[in-house]
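Below: a set of structures, written as structure tokens.
Both complexes below contain chain A, partnered by chain B and then by chain C.
Entry: the complex of A and B
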């Protein structure tokens, strides 16, 4: 195969299923589903959807939690960077970033639930001395109807993601010098950063922010764990109808998925409008000459907020770890009465089986994504192709298009074509979501590689393939492994593609863990969530350790 | 027309149609031609054109002949032109010895290959450096390894892209004469791009000024 065709082939592999999936969702929404003999277009499915009493609540939840989580995460990250970049506290965040990022959404959500639930660790630590409670209070904290805990669960995971994207953007924004100039003109730190650096940084992280918005509105696994039940979010309801034994319910599911897609488009539009308003206000603020933006108070607040987001994830994992070994654990005792290996022994056979499947799926999808990414980047290098702004949008499309809007469509196609969902189909689906992250992670180091090295190797008689295999890839071992770890973690965390494309027959640690959310077996949940987290974290440890081992005698590659 | 050496016949480079460079030159074997000019005068464009690393929107016209071969259609790896950059650019993942062996003709095998590497190191006073990590070498040592790596690939011409500007003054003269000496001994035509008049003076050959 010609390398030159690689970018087009990759786009087709990624966007083909997304677009086909959207068609496969729209058609049944308007009454066409030949598998059950429906070929007459109509709007009955939407009529049925409108008749569902939970609809207004579900729509409201989707909008509020999505927009709320995005705004809060973005504000926290921007203020943190504005007040703290370049300091020692900031370096601590930087170090905690990779592990925080790789913690799967579901595990972080379980951790949060175990912390703040009425019988969670926070209440235990405060009881009975401060609260007077000797029984867990009858409060609906987790799965609250307003979606606050859902929003919190999203924020703690999106803060590290946006922080990573911002760090990557800072280098290209000439941030340090711009901020210095603004401060020398009499602005305090946050004001200087917000006025001089933020506009440039935001332009760079805009797409990731939109991805966070679309994701937060439509996420299913976190909403199953932390979101309300009656009604659930629209995305959760789509999955419930998709999984109903009656195939006719799929029409209603498709209508709801279509509505969800429209909501996301509307929210993205609303966001772009908001960007203009903020830009207008910002210009007025700059013009006014105000030089203060809260200085030390803003700094303290941003550190407290970002710190609690990070601590929540870490403390949540800690509580999960304790619960996985907990025997009898009375309320309000802050520590289990007995520790035991029993939970692990009891759940291990199931865990082991799901572990094998998960590792297989994630390793294979990561490998395929890496091959595609290297192929695309190498084609870009050899044929001097440039990824234009349009290409960037296409790359983000699988992340922007809500999974819950197009995966049901893909499933409908599989039903029509008689394709059985299985491990192979799940791997293919995972590649769609793994590839963009692998490509984004590998792209910068791959392009930053000194092309003079290639010129030298060519001038010594090496052809393009030898340069790739013998010079470029070995030199890029560390970023390659990091990209692989990112891809693996993304794949491990996938819930909806595994559930829908696997047809319920493929059990990974994530589908199993999320399936336990409805029950109340804390020890089982803890064991599965810890396994899920470990599986996502382990490759990051390898990605850090392996290059040190392989290149232990090559100083030039250890501090690059 | 089998004249030996490197011949640039009315070489022109354009960038998106805009003329960047126009030059004719003949570099005879064993001779050094220096190209001088302020930054932005097209010095690195010239080297890119000769190496074959320019891609659209650059366009190259005119002829580049090396020992009578027209290079226009050849990829970088088939042109048999060695290059030394300002940085030594040793491959950081390979030992010093493997760096040297990278461009050795494949016909040399086993003990002969090892012997060629050892001899090259000995020639520049680096006996026993074969197993060293390139990152542990001094700047002058790295440049000597880079020079020998280039020569071991048996090139037919040598390009120098300000290769001495990273060295301090006294090292500089020493390495400079080593490079010129070696190139002359191998009978290579040398095209050197520099902004240091002392380099051009030491080369002793023709000086072309770009502007």
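Entry: the complex of A and C
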């Protein structure tokens, strides 16, 4: 009976804070902020926002980088899967790319910046022998006004995400048979996949794609590191105004946050329109029946693009590792003048403290999210309470609503209700963002579990609970651990929720790393980014390794 | 939750009644023992972080106060927090006990009644402070009125790489040098306080009569006073690093640019910063400092206590400890922090004066005499206005 209430309870836990937070942001946007004596509703904040000369640039940047990063990532992933899925090199590529999913965005962005900046490793390796540069060239590469480096930083992280989502969807799309039929009709591999499989796969990954779009438009930490500043993206500007010493600027910040929300809605609408255009063009292409060569070039190109995305992240992590041990490192030396353990010794006490807090918070919020997810899935199984398409949207709402738009509102509500910002509150806030990923990761393997096992167990006298604990969950050990690893990595990467809900008193590896980013001490940034990455990667290693240990005598249970 | 709300409400009168009195210092010390003080301070510099950690160790040993450094990327975060708490009616038990603050943030909090005090001039170590010689009673011309306690002084210097250039005499020389060496100078992007400080320093450099800067901007002819500044910047900007299409976001990031040899000249608000950075391998040892002729802007860093702080006595103990000669002498040492002292060193007892005389100021630090005259900070309204104008003119380049 209690189980029946689980899906509703979960939705309330997820959506309550998001909706309340949005209200808490809308009020000041329309002029209501009692603490500075504003109680009359009005649109002055929006008027002030419109008068900001950077607004067109900031809005344009948010739209272009968001849509651009999403389109590029999606195209790379679709071409890669179209050309290579099912081959042996694809399996290898998948294994190499999966861990990259857990590399925190900020760490990947730092790595990219350290690579491609005019004083970064790439130029150092080529100077002065090839370029003739003895001083770094005065080129605007990182933080370029067009947002290209920001887009690149987003793409290298979204490609692994979309790839894994696509792989999960392939199983349900009956991909192999559809492709085989299309190929038997004379289409080459990419064309066959795009014509026969893509439409079905896309329907499955549509929501994750929209999440990528909303995230790319509103991300703060990556935009701070790689994005332009004259003007910055709108999300960064919202945070700037929130931080302005003049308290009246909070109204303008709230107005900008509201505009950001509207922009995201508009971009999602634009995307859906684009989907129709692509569908129309695609149908025309399919009906034309054209069979053309060129698959080999597409295949090489897709592999090169996806490969360079992966390589960029890996090389970036490599540079970070070098910096974390670097003594003085003058341009254009390709290697530090001296290597030292000093940076690690110096930062370790702080790192150790933050590590403890981070592990505690992430473990707890992942555990809670897992309990909720198993509860929902089991309720679905026993009572046929399946989320319909509309329910799926609700599940994604915390990921689609920009964090800068609702978290400040949540903070105000918590204070009004007397809930102290602390580790407990941060855990609760993390669950909101961790749960959707855990649920999505666990959902398919949980549903795909062969229910005949349950029938057998029932026939042997086991009740539904015993079946869950003694049969189903142990058999699903591998997917459970994967879901936990995903959840853990998501929790580790949370910046704004930890900062705002924790009242600044809860210090995780990520809040410390981003606070240091404001500084720019590369050695310190490198140490923290490496720790942050390690922390997110470790659970993935466990999720791969542990089932192999536990089920070393049950090979059939290692799938998924 | 309801229970908690009632408990909180029940505590309010008790706390209001128990507002600590800094004049009764023994009572303060007694109450502070066992308290945890959350010090919200900018966390972008590993040097200051290490220093605050050391202060934390020492106050635990001496006073039984636990100090937690809440590392901010922007002091405005702490102001937001107190504001949000006031908005929610949380008038006691707030999350912040002590803030490293100055200038506009202080002016804003003071005006919005978000601060506890006055307490600063009742602290025992206030007697050692150089009230006459150091800018400790006015913060950007706003009277402190004992609502914040000073702990360090700062003065603008320029850091330059001797491998690339010579010291520059004034702003005209800087402009000429920038034209000859395009792309080798930049400053942190306003509203970063160091970037805004460069604008103010430049304003001093291009003005003949600087008196209007010390009164609120409304009482001066703003356009006429600032016209030479915009003229100067219009000429300078095309010759900046990345032609002024991008700026470093903070002072430390600017130091990284100097270390990477992307620029040759950078502004600093700490005469000892270059020496400290050289000692920590963050700058090449060819870097030295200079101040332009005519002097440079000086101010003080303060700590303030929010009106709803949970550990007010503990916060006062920390504020007082920051004024002790041992802390001030350590802060002066570029091996640790390289910040100027607020104490009247000449008036200290022999043993404590020796602490200061022993400090090796480092190869890139100018002697107090060579630092030249200290110019006062303009009224905060100038900073706000110039900052906004800068953003309109140069902050949006496209």
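We adopt the following convention: the second predicted complex is superposed on the first by the 537 of 560 C-alpha atoms of A that agree within 3 Å, B and C clash if a C-alpha of one lies under 4 Å from a C-alpha of the other, contacts with A are read in each partner's own complex, and residues count from 1 in each chain.
In this section, contacts are C-beta pairs under 8 Å (C-beta built on N, C-alpha and C of every residue); 3 or more make two chains touch, one makes a residue touch a chain.
Computed from a predicted structure; not experimentally measured.
Trainee: When the two structures are superposed on chain A, do chain B and chain C clash or fit side by side?
Mentor: Result for chain B and chain C: fit.
Trainee: Specify the partner with more touching residues on chain A, choosing between chain B and chain C.
Mentor: When the residues of chain A touched by each partner are counted, C comes out ahead.
Trainee: One more residue to check, A:391. First (chain B), second (chain C), both or neither?
Mentor: Touch status of A:391: no partner.
Trainee: Between chain B (first) and chain C (second), which, if any, makes contact with A:424: first, second, both or neither?
Mentor: Neither: A:424 stays clear of chain B and chain C.
Trainee: On the A-aligned overlay, A:33 touches which partner chain: chain B = first, chain C = second, or both, or neither?
Mentor: Second partner only.
Trainee: Per the contact definition in the header, classify A:445: touching chain B only (first), chain C only (second), both, or neither.
Mentor: After superposition on chain A, A:445 lies in contact with neither partner.
Trainee: What is the contact status of A:53 with respect to chain B (first) and chain C (second): first, second, both, or neither?
Mentor: The second partner, chain C, only.
Trainee: After superposition on the shared chain, which partner residues are touched by A:471: those of chain B (first), chain C (second), both, or neither?
Mentor: first
Trainee: Draw lines from the C-alpha centre of chain A to the C-alpha centres of chain B and chain C: what angle do they form, to the nearest 10°?
Mentor: 140
Trainee: So, A:295: does it touch chain B (first), chain C (second), both, or neither?
Mentor: neither
Trainee: Quick check: superposed on A, how many Å separate the nearest Cα atoms of chain B and chain C?
Mentor: Minimum C-alpha separation, chain B to chain C, in the superposed model is 40 Å.
Trainee: Using the superposition described at the top, list the residues of chain A that contact chain B and also contact chain C.
Mentor: Residues common to the chain A contacts of chain C and of chain B do not exist here, since the sets are disjoint.
Trainee: Touching residues of chain A toward chain B in the complex: what are they?
Mentor: Listed in rising order, the residues of chain A that touch chain B are 383-384, 450-453, 455-464, 470-471, 474-475, 477, 551, 553-557, 560.
Trainee: Considering only the defined contacts, which chain C positions touch chain A in the complex?
Mentor: Interface residues on the chain C side: 1, 4-5, 8, 38, 40, 42-46, 49-50, 53, 68, 70-81, 83-90, 93, 95-96, 103-105, 107-108, 112, 182-183, 189, 191, 241-243, 245-250, 252-257, 259-262, 281-282, 284, 384, 391-392, 394-398.
Trainee: Can you name the residues of chain B that touch chain A in the complex?
Mentor: Per the touch definition, chain B meets chain A at residues 51, 53, 55-56, 75-77, 79-83, 85, 87, 89-93, 102-103, 105, 133-136, 149-150, 153, 155.
Trainee: Could you please specify the touching residues of chain A with respect to chain C in the complex?
Mentor: Listed in rising order, the residues of chain A that touch chain C are 33-36, 53-54, 57, 117-119, 135-136, 138-140, 143-145, 224, 228-231, 240, 242-247, 250, 327-331, 338, 340, 346-347, 349-350, 408, 411-412, 415-421, 499, 503-505, 507, 511-512, 514-524.
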